[in-house]
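Got some structures for you, see below.
In what comes next, chain A is part of two complexes: it sits with chain B in the first one and with chain C in the second one.
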Partner chain A sequence: MEFRLDNGGVQISGEFTFTDHASFKTMIDSLLKDGSPSVTMDLGQLQFIDSAGLGMLLLARDAFGKADRKLVLRAPSGQVKRMFGLTKFDTLFSVED
Partner chain B sequence: MEAGVAQLRTRSFESPRLAYWDGVSPNSLSLALSPPVIQCVENGLEGRLKARRERAIGQLSLLVSTRSAYRHPIGRRFVEAIERRTAISGGLHERIDTAVQEALMNGLLHGNLNVDANARRSLESLGELHRSIASELDRLETARCMIQLDALWSRKMLYVIVRDNGDGYQRDQLPVSPTPDEHSSRSSGRGLSILGAVCDRVAVIEGGKTIKLGFRL
Partner chain C sequence: MSPANPNAPAEGAASGRSSRDARILIADDEPLTRKLLAAILQAQHFSNLRFAENGQETLDLMQSFQPDLLLLDMQMPDIGGLDVCRAVRLRDEFIDIPILVQTATVNRREMGDLFRAGASDYLSKPINPAELVARVVVHLERHNMLRELRNYRERISSELEAARQMQADLLPTLAGQRAVAETAGLRIASYSRSSSEIGGDLWGLLPLDDGRFGVFLADFTGHGVTAALNTFRLHALVHEYRSLHGDPAGLLSMLNDRLVRLLPPGQFATFLYVIVDSKAGEVRFATAGAPPPIMTSESKDSARSFEASGVPLGIARGMIYEEHIHPFAEDMRLLLFSDGLPEFTNGKDDRIGEAGLVTKLESIPQAIAPRELIDSICLAAGINDGVAMPDDTTIICIDRRAHCSIPCIIKTGLNSGFDVACRVPAQEEVRCRSA
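And then the complex of A and B:
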């Protein structure tokens, strides 16, 4: 997984699996330092996610929630979008096309 | 790469159907899995074969260490190797890829590395988990613990079998699939429900040490 912080949000690309947990935590820690009320995670370039990746998105959602901030997921596509559908993740997050 | 090719050719001289992987990179694994190879073993695990403790099943088999399976996209390369031997359509490719990744990571984490399902309870816990896994992978005994992938297929079905070296589990002891409401509070435990959704058949066997994934071709 690669990520790029961008105007209070982040773009994620590549594949997001369990072995990305350390870099994912680093990324979320950076975003938590920013004070904007809403953080957008752009998933348009993310090609693959597994159940561990989905679980980490939930952890991020909870961490932002504790800080009274909202996590918005944008533009999931392909396998990532289908995984969201399979696990009903699209009902647990604010997801923008 | 050249050294890897030379090593592969030398070591597979005795049998063109058996190859050894140097454990260095995904590219050298793809090379080692090239047809006509039907069994590929990571260097250092040859003893498992000689002792006949790990028997290849089916038309393609891969035996690797926990350390290498954690660090390299083993499942992806294995699925690509299957595709070089039998036709798989685009939509099916994605389902197989998703399922093999899930089963492999499940075997690694909860089988060979013995990671507790509650270890991913919060963002803070990920740091602790990272240190714990790094420490386990540094232990030779754990790092060399094997994980095996086998594939067998006919014109109608493809099966991928993932076998770990953990203690196993009883499927009926696992929590039931979470309801949509429960989903919102759980950061782990979705693996088997995803497998049920993307596979045509799933069987947990050998006391939870082996999972057999079936796909209609």
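And then the complex of A and C:
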């Protein structure tokens, strides 16, 4: 998984699996330090997510909730969109097209 | 570990056993040197000492005394120190015992010979008492820690083996599968493999009335010990709610509410529960984010996924799940699997994915038995016995064609387009056995 921070949001690309735990956590911590009330995570370039990746998204959602901030997921496609559909993750997060 | 101060008490902290209790064998042909070494060690409260006056006696005492450390003189009349060293190291039980060699030489080549023969360290003669004690203590501590580490690893690996066996016992036995299959008049085959000793997949058969039965497949996030412990919890919960075994959606809601309280944030289980009713010719099922099962139909010559969704178990309280009904005619079979199958990767080739599985199932001859179907699917996904599994993987095939009504003969060979062909000699005919 690679990520790129840009004006209050982050773009994630590649494959998001259990091996990305540490780097994802670091990225979330740095986003939490930033003050904007809503953070957008752009998943448009993300090609694959496994259940560990979904678990990390849940942890991120909880961390943002605790900080009274909002996490928005944008443009999941392909296998990622399919996983969101199967697990109804689109009802657990704010997901934008 | 602080060997710098030889006067400090040398507790083998890791072993809980004092280094002062260590058995030390002093091998020297000079009576005066033996006395001197003993006096220095006894002054530091090492009391478990034995003495050898020559090489042969050293080897004999190694066997009978089983020392923790050997203090060895290089010049002994019968067998030289180097040969004693080599002979000791040949024995498995002494492969890592500390051997401290006393030597007067400072010749680099001879020192090399000494270490090659298996010495752990050396003491220059004349003996300096502080150096002797410091080296004895540091080697005993190191040896103790190594032993402790080895014992720990052996204990963990035997406990993991016991846990692996316990987890295997949670899964339906072959006899259990056969009994359910016979009552329902169909065939069942299964495959399960963990990425390490124990894993986070669980499946089970729940016999109901009138030949009906339930089959569930669960997959906890992650793998290893945490995920495996959760499978034990889930197994207990599934059996606790026996009254809901006939109600897929109700069972999932109940399991979800229990797991929400048990699982920490970020952890969940995907879960699929299917009730197979051969008499009614249908399946009723509910899913909590599990990979959609695939149904094949012989008459329609097709394979397709059940499109159904649901929030995985353990994430949010109060989830409502939907029950779906699908025909399960006599010419159909059902493939259930955890995400380890479509997501399998050896790091080089592409994952087969759900779509790839459907395509594969469409191309597999209908007459093939459930066991062979699973083999063929594994092969297509890149899974074989020798390959490392990145994730826990479970596959279950339920085939309604209990007795092949039409005598079916599969021509296997180079032109059959049939992967299993590589497992049987070319052009051999494989007759579909009736159950």
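Basically, the second predicted complex is superposed on the first by the 97 of 97 C-alpha atoms of A that agree within 3 Å, B and C clash if a C-alpha of one lies under 4 Å from a C-alpha of the other, contacts with A are read in each partner's own complex, and residues count from 1 in each chain.
Convention: a residue touches a chain if its C-beta (ideal position, glycine included) is under 8 Å from a C-beta of that chain, and two chains touch if they have at least 3 such contacts.
Model, not experiment: these values are computed from the prediction.
Overlay on chain A: chain B and chain C clash in the combined arrangement.
In the superposed pair of complexes, A:A52 makes contact with chain B and with chain C alike. In the superposition on chain A, contact is made by A:K25 with chain B only, not with chain C. When chain A is checked against chain B and against chain C, the one touching more of its residues turns out to be B.
In the superposition on chain A, contact is made by A:Q79 with both chain B and chain C.
In the superposition on chain A, no contact is made by A:S13 with either chain B or chain C.
Superposing the two complexes on chain A places one of the chain C stretches 19-27, 289-297 or 325-333 into chain B: stretch 289-297.
Chain A residues 18, 48, 50-52, 54-56, 58-59, 62, 79, 82, 86-89, 91-92 lie at the interface with chain B in one structure and with chain C in the other. Interface residues of chain A facing chain C in the complex, by the touch rule stated above, are 18, 48, 50-52, 54-56, 58-59, 62, 79, 82, 85-89, 91-92. Note for the complex: chain A touches chain B at residues 15, 17-19, 21-22, 24-25, 28, 48, 50-52, 54-56, 58-60, 62-63, 78-79, 82-83, 86-89, 91-92.
Considering their complex, residues 219, 221-222, 265-268, 270, 287, 289-292, 309-312, 315-316, 339, 343, 351, 353-354, 391 of chain C touch chain A. On the side of chain B, the complex with chain A involves touching residues 70-71, 73, 94, 97-98, 101-102, 105, 109, 120, 122-123, 126-127, 129-130, 180, 183-184, 186-188, 190-191, 193-194, 197-198.
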